[in-house]
Every structure is written in structure tokens, then in C-alpha cells.
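Quick heads-up: structures coming right below.
Look at the two complexes coming up: subunit A is in both, with subunit B in one and subunit C in the other.
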Partner chain A sequence: MNIFKEGRSRRKTALASAVAAVLVLAACSSGTDSAAPAADAGPVKVGVLTDMTGAFGIVGKSNEAVAKFTINEINENGGVLGRQLEMVLADSATDAAIATQVASRLVNQDKVAVVVGGVASFTRVAVRDVIAEKGNTLYIWPASYEGGECSANVWNTGSAPNQQVDPTVEYLLAQGKKTFFLAGSDYLYPRNILARVRQVVEAGGGSIVGEEYVPLDMTDPSNLVSKVLAANADVLFEVVVLPGTAPFIKGVVDGGYKGKIAGTLFDEGINPLIGAQAEGLIGMQDFYLSVTDPFTQSQVAKFNEQHPEAAGLFSATFNAPAWYRSIYLWKAAVEKANSFDTAAVNEAMDSISLEQSIGGAVSFEPGTKHLNLQMYLGESKADGSNVVLKSLGSIKPLECQS
Partner chain B sequence: MSPELVRGIFDVLSLSSILILLVIGMAIIVGMMKVFNMCQGELVLLGAVTGFLCSTYLGNLWIGILLAPIVVGIFGLFLERTIIHRFYINPQGALLATFAIGLVMRESLRNRMSTQSSPVDAPIKELVTIGGANLPIWRIVIIITTIILALSIGYVLLKTNLGVKVRATLDNPDLVSVSGISTKWMYAGTYAFGSALSGFAGAMIVPLQTLYPNLGYDNLILMFIAVMIGGLGQFVGPLAGAALIAIPGAVIGQFISPVTGQILVLVFAIIFMRFRPGGIFQGRR
Partner chain C sequence: MIPVFALFPYLSGDNFLLQLITRILIYGILVLSVEMCWGQTGIFTFGQAELFGIGGYSVGLITKNSEITDIGLLLLIAIIAGAIAGLIIGVFLFSGKHVGELYVVLVTLAISYIFERLANSWTVLGSGNGIPGIPYPTIFGLEIDSAIGLFLLAFIFFILILFLCIYIVNSQFGLTMNAVRDDEERAEFFGYKRSVVQIVVFVFAAVLASIGGALFAVSESFVSSSMSGLGLSTTIVLWVVLGGRGTLFGPLIALAVLQVVNSEMQNVLPSLWPILVGLMLIFTMMFLPKGLVSLPATIREARRKKITT
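Up next is the complex of A and B:
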């Protein structure tokens, strides 16, 4: 996914990976006896793959809790096709090599019916072939991301770039903002998002007055702050990921910037980290805590009650709503196919929809492997909470169109 | 001067003083003691955590800045007496052992944190306007502190009796120990002092960067490059090394993209090491 640094964790923790790989191998070999294939009446295994350790460990904490919450809820209501679900948690440790190993274990030893997971795109790329192609198992990628994932047996349940970017830019242009400065961390996600911003701004008659990227491991973006201040654009559209986000935005606001700051990564999970300078940040997500839909409200309250260890970690940038709907979308497809067979469920997925889900109704746009999502334009308050400025309704994904 | 120029000069000063502040503790442990201390970043982190805790629970980062060197210094002393001292004869072992210590510290913190990063307010949040540019006073405090700290430690090491004993111990422990000085406690004390300085740096910079588990680790590579460029076996070299990579990085970062700037700095470091493998002051010892 998107909110964090992707490249560096691989480069810098090579040694850590080696050590961890040994541990994982040890864990694998001791876990083999529990891998007997499930009998037809027994529980169906759902693979939950996330980063419980390493740089994205906090996101993993949230993902695990949301997966537990969703699977419990399904089990309490009778399971799927009369069978209970059993969650098999796999720690991908914020490391592509480890992710590949644990994904292979989920598919080959645990024989899970579906794998939901991945935090960063490098994890998705590392595991999708192991799960979806070689393993012939359904893989659901629950993250807003840079777009372009169209592989067979893979389904995307987070937002695509156009769903976050287009309405944000159109809103800003309609406010009379004409000049944009683009800033991001230097990797695929920010570059793809900002390329989309450029396209929409130019199509809408605005202009780009600067575009700058900082290295992922740059902890002090002072140079970038100076460039933003010098350019003095109407809008700063930024995708500088953690931990650079807070110092960057504080620097820009304290430096006396008068324009609007917008981005794809602002929500209750991120804004409080920025401090009072978060006031007025414009974001676009598929869920905010302030979304008034009664189903969303009651589910989030229930989640916080059942999972006090993850209370406060239910947010869009942690992919929480996407994890919830992923498991329900799969359940609906299994029920439609009346089978757990990968090919049958895969075929059914294409036209699945949920009338209610956290954040609102969703449906797969046939042929795109992506969801029509309810999107919300949010503005941050000084305390990091968000008000929904505008509920945009369902937005179509512009992905995988041949 | 235009506000842009003022900001540009300020960025150079600020970025290089931060790197030098981070490197001071490492200059002692890696530079002088020649212990390949892979947990140096986590000593910075521990100082940052101390700062964060004082700022959150006592509402006062100043206390944290005073406590951080004490806490981290005591921790360093404990670390040296339990683990590090066993590896003086085995530098490769020290590399692995300190990496493991760092990993445990980093992941323990991650496990305890409920957010990916926590903001810490600077004790002085005000800005000062110089030549039309708004500059954060806290960064100015860091620039001044770094200069004073580097000068006074350099003075102690090079001009005082204690400094002579420390340098002699690290140079030739056998000779020093027959002269009646306890090398055991000299080593332990020096390691603790290097740790304390890193802890202090951590508490000073945490308001600029927010507290997150990789706070120290993210800077480790640059810190090591600074020490390598500066040369092992001395204190001043690594600080000069830090300035030598931070200043061009900050200057060219203003004209070209910071990404290219960082690559150029690393290329520069490689070329430099090719021609002066002993560091800036090679051959002067």
C-alpha cells in the first residue's frame, strides 16, 4: 500500500530478513503436522497475511483485529455455506522474501480457501504469483494503491488512483485554485498518484508549477519545504509518506504557506501525528469516522468494543474498511457460486456487490477487478479528526480496461 | 537577501548540524573505540523515547533532554559490561551482537506503540523572521548546541588529562594498564559517554522528526558513512565527515531534486574513500 516507505525496508533490513527468515523456516517446519486438508464438514481456512512485525507492524495489528472481527461476525451468523471459517494468520514481516514464504505455507500446507492481505505493494507483487497463479487460490488485495493490478485470481478492494485523485482535484479547481505544486516520496505509489493529479489538473485548466520527490529514507525534508514555499502555489498536493509527513507539513505550515494542502493519505490514522498544523488538510477516502451511515457507525462501535487492543486503529489508511468488505465480498461470491472452488468463486466475484458495508455499499465493476466505491471528501481539524465536506457517492474505478 | 536565500543557507546549517549532532556519540564509539556499533541508532532512539515520555507525561521536553543522556548513558554502561566488552577481540561478532540489540530495542518499541509515529512538541515552538523567512527557533537552538557540544568534547579529549587517558587506553590498552589505569572502566566509561551523547541527540531531534521506531536506524547508514569518511581512530574526523556529506547534500538539494542529490553524495563518498581510504585526516596520527 501506500502510507509508508516501501523501498527502504527491503534495502536496509537485509540482515534482519536473513535472521527472520531462519526463524520463519523454523516455524514452518514445526507447523507441518497441523496442515491436514480440511474435511468437507470442518472449518474453511481463510489466510490472513499481514505485517505483524517490521516497519508496518502497527498496520498489521489493525488488520489482524479487523479480520478477527469480520470472521467472528460471519461465524456467529452461521458461517459460509454452513461451514465455520478459521482464520490462519501469517506474518509477512514487512519483507518481500518472508512474505513469499508465508504465502506459500498458507497455500500449500494450510490449504486456505482464500488469502486476504498485504500492506505494501511490494508484498502484493511478491505473493500474488505464489497464491493466485502457482497456488491457484483466490487472492484479495485490500489496499488503496497505485493501480494496475489486473492478474488472474487477484481482486482489488481498496481505492484506485482515479477514485481518490479526480474528485479532490475537481473540488479544488472549483474553489478557484489554479496552480498546483506536487510533492511526494520517491517510489511508485506517489509517482502514480501525482501523475494522475497532473493529468486531471491540466485537463481542468489548472497548471503545475513544480513537482518534487524526496528519497524514502530522508528523515528531514527541509529542502523540499523551502521549494514549496518558494513556489507559493494555490495548492500543495502531497504524497510524502511516513515518517516524513509530519515534519514536511509542519515545515510548510510554519514557514507561512497560505495555500491549501491536499493529499491521498490524510485521515484519522495520520492527521493526529501532524499536530495542530493538520487543520484544513484536504483528503479523499472510502471511510472516515465521521461518515454518518448508521451501519458504519454501529459496526465501528462494535469493533472498538470487541477489540480494545486495536481501538483507534480502525482507519482508511490502515485499510480497515477494505479488510472488512474483502471477506464479505468473498463470502458473497462463494454463496453465489455455491462452492469453495477457486474457478467458480473467481467467476462469481466479477459481479458481486454488498448493499451495506463499512463506508457504504460497494460492487465490483464487471471486468475491472476493482470496486465501485463510496468516496468522501474530508477536511481535517486541528485535533486530527475529519469532517466530511462532501459525500461523493459511488465512484467508478478506471482500471484494467482493455 | 531574499527570503529564499536565507532559507537556503539556513537549511544547510540546520541539516548539517543535525547530522553532526547525531554523529558525535558515534564518533566516540565507532570512531575512537572502533566498535562497529550497529545499535547506535537505537541509542539515539532511546534518547528520543525518554524525551517523548517526559514531554507526554510531565509536559516538559526540557526534563527529557536532561534525563536522556543519563538514562542512555547508564544503559550504555550496562550494555558494555554485559555484552559489548566480550566482543573487543571479535569485531565481526560485535557487528552481529549490536545489530541484534538494536533489532530487539526497535521491535520492542514498535510492539508498545499504538500509532506508527508520535509527534513531540518542541520546547520552543516559536518562529523567528529573518530576512523575510520564518525560521523555527528550535532548529537554531540545535545549531548552537551542536557547535558548543562538539567544541567542548573536542577540548576535553584533546587538551585535558582525562582525554589523554582515554585516548591512550584506546590506542594501547596494555601499556596503559601497566601504568596503573583501569582499562576496563575506561572502556566502559567511554562507551557509556558515547551512548549518553547519542541519547542527548535523540531527545533534541525528536521534535523535528516525530517518534517512530526507525528514527535512529534510518540515520544509521549516513552516520556510518560520516565516520568512514572521517576515518577511524579519532574524534574530530567523523564530525568533519558528517559536515562533508551534509553540506553538499543540502546545497545541491536546493537546485536539483533531493533524490539525485542524495545519490550524488553517496557517489562522492565512494570516490572519496577510493582515494583516501583512511579518511580525511589519514596519515596524521
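Up next is the complex of A and C:
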């Protein structure tokens, strides 16, 4: 019984020290006084939230460089409303639970004026409440995604499903391709994109001959490849995400598939991973390196010169052009509102446009929280580059319509 | 406890800090769940995250499909869901003949993986996006809508569960748990029903994990597959290894230290930090197999050896 008692008191001491340790450590972590609001003349903080580590680390590397590039450029030209911008980087580590934690730090401790970021949709839905709702801070989501984001204080600057899917499918139908096979990874984005494909194909008189989904982390596509080859459709529309993309495309091409392969995720960022089999892939993006717009060309050249560490990472699938315009759109809204206040900027945002941006002019379609975007139909070459088959001009987003 | 409450006024101004501590307390419940299984009873579970996920997703689904926000009711539902899941897995694992540690590891690991996949692809569970926008919980009709309120909620449950665990570990049943951990066969020779002990502990731990998941869901206002799969399952085991398995407090201290340091280092050394954590773990396992809490004892031991030689 003595031993029992001794154990007990020792545990009590341990409990006290554990509680103390938690609180002391946590208290230490907030060395800076977070209560002090930013002075009117000091720099304005811009929260940059991206996956610097984890599965999407490569995208994070691109995002960080583009954010730095854009903020530097704005600062060199006098900042926003006469104030310099200060970038605050937060690593969401490809993990929704970590993302909310770092988002809370940006909003509650760093007191940023705006947060731009997120790579995957699970990050967006996780941080959205922390930033936009509870934190009452503007949140800009710079990625092409599955659609449906209409929350207050949230603005979408990537492409919506209809902007990527509709013109691609219409182009293929016009080429005389009638049968489509749909393949995707099994989660929300591919399912929504392929549902849109089905809708447009069927409306245009084509038919769907197969629809298959594989697990997110699939790396052995042999089963899916044999189904695609057996169906022998005119078009394979695929949204199989990394790491499955390359083995899947390779399997289909090497297996002797004769039809066209189209998808929403092909560009200079992804094609090098696929290799020579990328030749002939059809995609639709808001930017390719081969877009001839002089502003786009000179900006990308400047980016490559200033950020050699991110060479080759300026691509649409890494959201590079969307990050660039996000910060400029926010700047324009702040200037229009003549204030950094969330409500005022939020109101101004609805009718903001940029006459020039990387990829071309953009403007918010009033009431939709999404952009009218310049879209380009691209075809991949064996060396991973893309040629623009067709410049489609500005396409309206079909989102958030009441 | 007095110094803790004295800190409240200071804490109430800083939402980030409050959210960080709230999260540590919630993960603390999860750590206690693994510690009761593995540390005290020798059930090497890699599946606590999916039980955490079951608690979280049940709260997410209920708040999404009904008007229920009462925290008592939500927790009750999470407890029932966790207990059922724990009972099914527990009976499956332990009701038969003696099973080895490796078998338990592999089966719980597999269940964790299955749950994560399900969460990633099933539309009911949000197909990978999880369930966002979970409303603030209420208590007697009052909304707990501040960071301090959510912190207090987590704090109360953490303390209650901590004392319950201490009580159990020090009880007669706790000794039986340790007997099963140290030698299953010997415990059986003494007349203890090994499988009953293991199932009871597993269900209890499942309920703890599920309560943790429910609290996570209401305080973070979302649930997703990243809080219910292999990644988190492994992370908890690492906290327990690092802190010292079987010591109850070691893992909690390791969790708190790592979470706080983590949230600092993510900003300072984003790319180097995960590597440092990895090295720290390898170092701990090689030189301090009983965890960081055994560090003082190990140093004492080393000194004594030095003196005698």
C-alpha cells in the first residue's frame, strides 16, 4: 500500500508540472504583444498560406516565390495606399488540422489584412471559417477547383469548373469526337469536374461510355488502364491526380490508345512528370508559358530572373498566375475603398478588374465572387511544353448565382 | 490549479494562444487514450485517430443534418458511436485466442487506412473536403462562441478524463491491466480473463478518443480525413514513444512541448523542422527507450556508473 501511495503523490506532482509546462511553454510562444494593432504608417501584413511541406510542397515553393515576387513589385511601386506590404508566410503542411492552426496565427496574432492561399480544397474549407467568419478577415482562394465556394469574405481567383470544362468538351465535340470515357481520383474535385463533363457531353450529343474512380493514392493503374483500352472511346477525359497521373497516362499511351486524352490538370508544371507520353494531351488553363500577351511574357521573364530557386515552377496548375492576380485584385479593391477595413474592401472587391495581369485581363463577375477569366486551349508537346491551340477570350464563371 | 486560473485573464486576449492550448488539451485526451491502451495494457494501437474521427464525424453529421448543438447531447452521441466502434474492433481483435502485438498493430493500422479512404471518397463524409462549418456548441441553450469558452470546455473534459485515467491506473483494475501488459499468459494463469480486460480497455480508450474527436469538431468547426487517418494515428504513437510509454504524464508533456515548439518552428524553419523532429525521435528511441521523462534517471544512472568505476 505504501508503494501505491507514493506513486500517487508522485503523480500529483507530475500532473502539476505537466499543466505548468503546457501553460508556461504556450505563454512563451507568444513573445510578441499581439494586442497592439498595426500603426497607420507601418507596413501592412499580407498572409501567405500554402503547403511548404507535405505532398504539395512543390506547389508551395512556387506559391511562395510568386507571392514574394508580387509583393516586392507592389512595394517597389509605392505600396498600397502609401504603405509597404509585409509578407507573412504560413505553412499549412498539406494537412487541414495544421492549416487551421497557422491560419489562426495569421489572423489572431499577426493581424494580417488579407490571407491569400490554400492548395487543396480541404485546406480552403478548413481555414475559411477561421479566417473569413470567425476572424472577419478577407480570404482569397487562388486555385482552380470544384466550384461552389460562395461564403462571405471569401473571393475565388482560380477557374471554376465551367471555365475549364465547357470549352474543352465543346472543342472535342466539334472535332467529331462523340464517345467519352471519364476517369478520376475518388474525391470531390474529380467527381465534380467529371459531372460537369458528363453534362456538357450529353447536352452536345456525345455519349459517356465509361466512368471510373480510383483511390487518391493509387500508383498501380493497370486495372484502370485495361478498362480504358477496352472501352476504346474517342476521348479519355481524366482527372487522376498525382501521384497516379504519370503511370496512368503512360499506361494508356503505351497500351496503344488511339483517342484523344483531355484533362484539367495538364500544363508545363505537370507534363514533365509524365514524360514523352504527354504529347498530344489537351488541356484548358488561364495561362501557358506560350501565351503571347507581351505583359505576360515580360512578367514571367522577370519572375524567372528574380526567383531562380523556383525556375520552371511558374505554371497554371501550381496556381502561379492566380496568386499574382489575387494580390493585385486585393490592392485594387483597397485603393477603391480607400481603406484596409475588411467590410469596405469586401464591398469594393465585387466590381474590381485588372486590365493587365499574367495570362490576360480579369474582372470579377458582379455577384458571383468568381472571375471572368481569359482561357486558353493548350496541347502538350513531347518535351513538356504547351502550344496554345486556341485563345478563347474571357469566359464567364457560372457560380454563386442566386 | 490556482496558478492555472490566474492565467485566464492573460489568456483571454489572445485567441491564437487559446486555440493552441485548446488543441493541446484535446490531443491530450487522445494521447491518454493511446496511453491507456498501449502504455498501460500493452495493446499497441495504431487506430486511435479513426476513433477520434468517428467522434468528429458523428458531431459533423449531426450538426449538419439537424438543429442539435447541445454539447451534452453531441458528446453522448459521440460516446455511443465510439463505444460501438471500439466494441466491434475490440471483440474482433481480442475475443479469440492470444494474439501477438504485431497482429494488433497491423489490424488497427489497416482499419485506420480504411477509414481515411472512406473519409476521402464517401460523399456523406465530404469526399475529402470533410465537413466544414460546424456551428458553435451550446450548453443549456447558451452558445459557446468564444475561444475562452471552447478552451474551458476542453480544459474541463481533459481534467476529468485525466483524473479518471489516474484513478483507473491506480485501481485494482489498473494492476490487472499492467499484468496483462507485462505477461498475458501469466495474467491468465492467475485467473484473469485477458480478453475481457483488453476489450474493456479498448472500448474505454475508444470512447476517450471519440470524445476528443467531438471536442475537436466543435472547437475547430470542421472535421476532415487528416484528423482521422494514418498520419495522426502515427503521430500520437510518436508522442507516446517520445514522452515515455506507461508513464501517463510523459506523453502529455511530449505532446505539449512538441505542439508549442512546432507552431514556432513552422515559421522559423519550415523545411528543416520536420527533419529535426525525425532525428529527435530516432535519438530518443536509440538512447532513451523509455522516453524523455527517463532522461533525469538515465543521467543519474550514468553518473553513478562513472563514480563507481
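Note that in this section the second predicted complex is superposed on the first by the 367 of 402 C-alpha atoms of A that agree within 3 Å, B and C clash if a C-alpha of one lies under 4 Å from a C-alpha of the other, contacts with A are read in each partner's own complex, and residues count from 1 in each chain.
Here is the rule we use: contacts are C-beta pairs under 8 Å (C-beta built on N, C-alpha and C of every residue); 3 or more make two chains touch, one makes a residue touch a chain.
Since this is a predicted model, take the numbers as computed values, not measurements.
Engineer: Which holds for A:N223: it touches subunit B only (first), subunit C only (second), both, or neither?
Structural biologist: Touch status of A:N223: first partner only.
Engineer: Could you say whether A:D383 touches subunit B, subunit C, both of them, or neither, answering first, second, both or neither?
Structural biologist: Neither: A:D383 stays clear of subunit B and subunit C.
Engineer: Could you look at A:L273 and tell me whether it touches subunit B, subunit C, both or neither (first, second, both, neither)?
Structural biologist: Only subunit B; A:L273 stays clear of subunit C.
Engineer: A:A246 in the overlay: touching subunit B, subunit C, both, or neither? Say first, second, both or neither.
Structural biologist: Only subunit B is touched by A:A246; subunit C is not.
Engineer: Given the touch rule stated above, what does A:A55 touch, subunit B (first), subunit C (second), both, or neither?
Structural biologist: After superposing on A, A:A55 lies in contact with subunit B but is clear of subunit C.
Engineer: Contacts for A:E202 in the overlay, against subunit B (first) and subunit C (second): which applies, first, second, both or neither?
Structural biologist: In the superposition, A:E202 contacts neither subunit B nor subunit C.
Engineer: Just to be sure I read the superposition right, which of the two partners does A:L313 touch: subunit B = first, subunit C = second, or both, or neither?
Structural biologist: The answer is first: A:L313 touches subunit B but not subunit C.
Engineer: Is A:Y213 contacted by the first partner subunit B, the second partner subunit C, both or neither?
Structural biologist: It touches subunit B and subunit C both.
Engineer: With both complexes overlaid on chain A, does A:E347 touch subunit B (first), subunit C (second), both or neither?
Structural biologist: neither
Engineer: Please identify the positions on subunit A that touch both subunit B and subunit C, taking each partner from its own complex.
Structural biologist: The answer is residues 4, 8, 15, 19, 53, 186, 213, 215 of subunit A.
Engineer: Subunit A touches which residues of subunit B in the complex?
Structural biologist: Where subunit B meets subunit A, its residues are 3-4, 7-8, 11, 14-15, 18, 99-100, 103, 107, 110-111, 113-119, 121, 127, 133-134, 136, 208-210, 212-215, 217-219, 221, 250, 253-254, 257-259, 261-262.
Engineer: In their shared complex, at which residues does subunit A touch subunit C?
Structural biologist: Its residues touching subunit C are 4, 7-8, 11, 14-15, 17-23, 25-30, 34-35, 52-53, 89-91, 93, 95-98, 100-102, 104-105, 107-109, 121-122, 125-126, 128-130, 134, 186-189, 191, 213, 215-216.
Engineer: Under the definition above, what is the set of subunit A residues touching subunit B in their complex?
Structural biologist: Of all residues in subunit A, those touching subunit B are 3-4, 8, 12, 15-16, 19, 53, 55-59, 186, 212-215, 217-224, 226-227, 229-230, 242-243, 246-247, 251, 254-256, 269, 272-275, 312-313.
Engineer: Inside the complex, what are the residues of subunit C that reach subunit A?
Structural biologist: Its residues touching subunit A are 1, 3-4, 7, 10, 13-17, 19-21, 23-24, 117, 120-121, 123, 126-130, 132-133, 162, 166, 170, 220-222, 224-227, 231-232, 248-249, 252-253, 256-257, 260-261, 263-264, 266-267, 270-271, 274.
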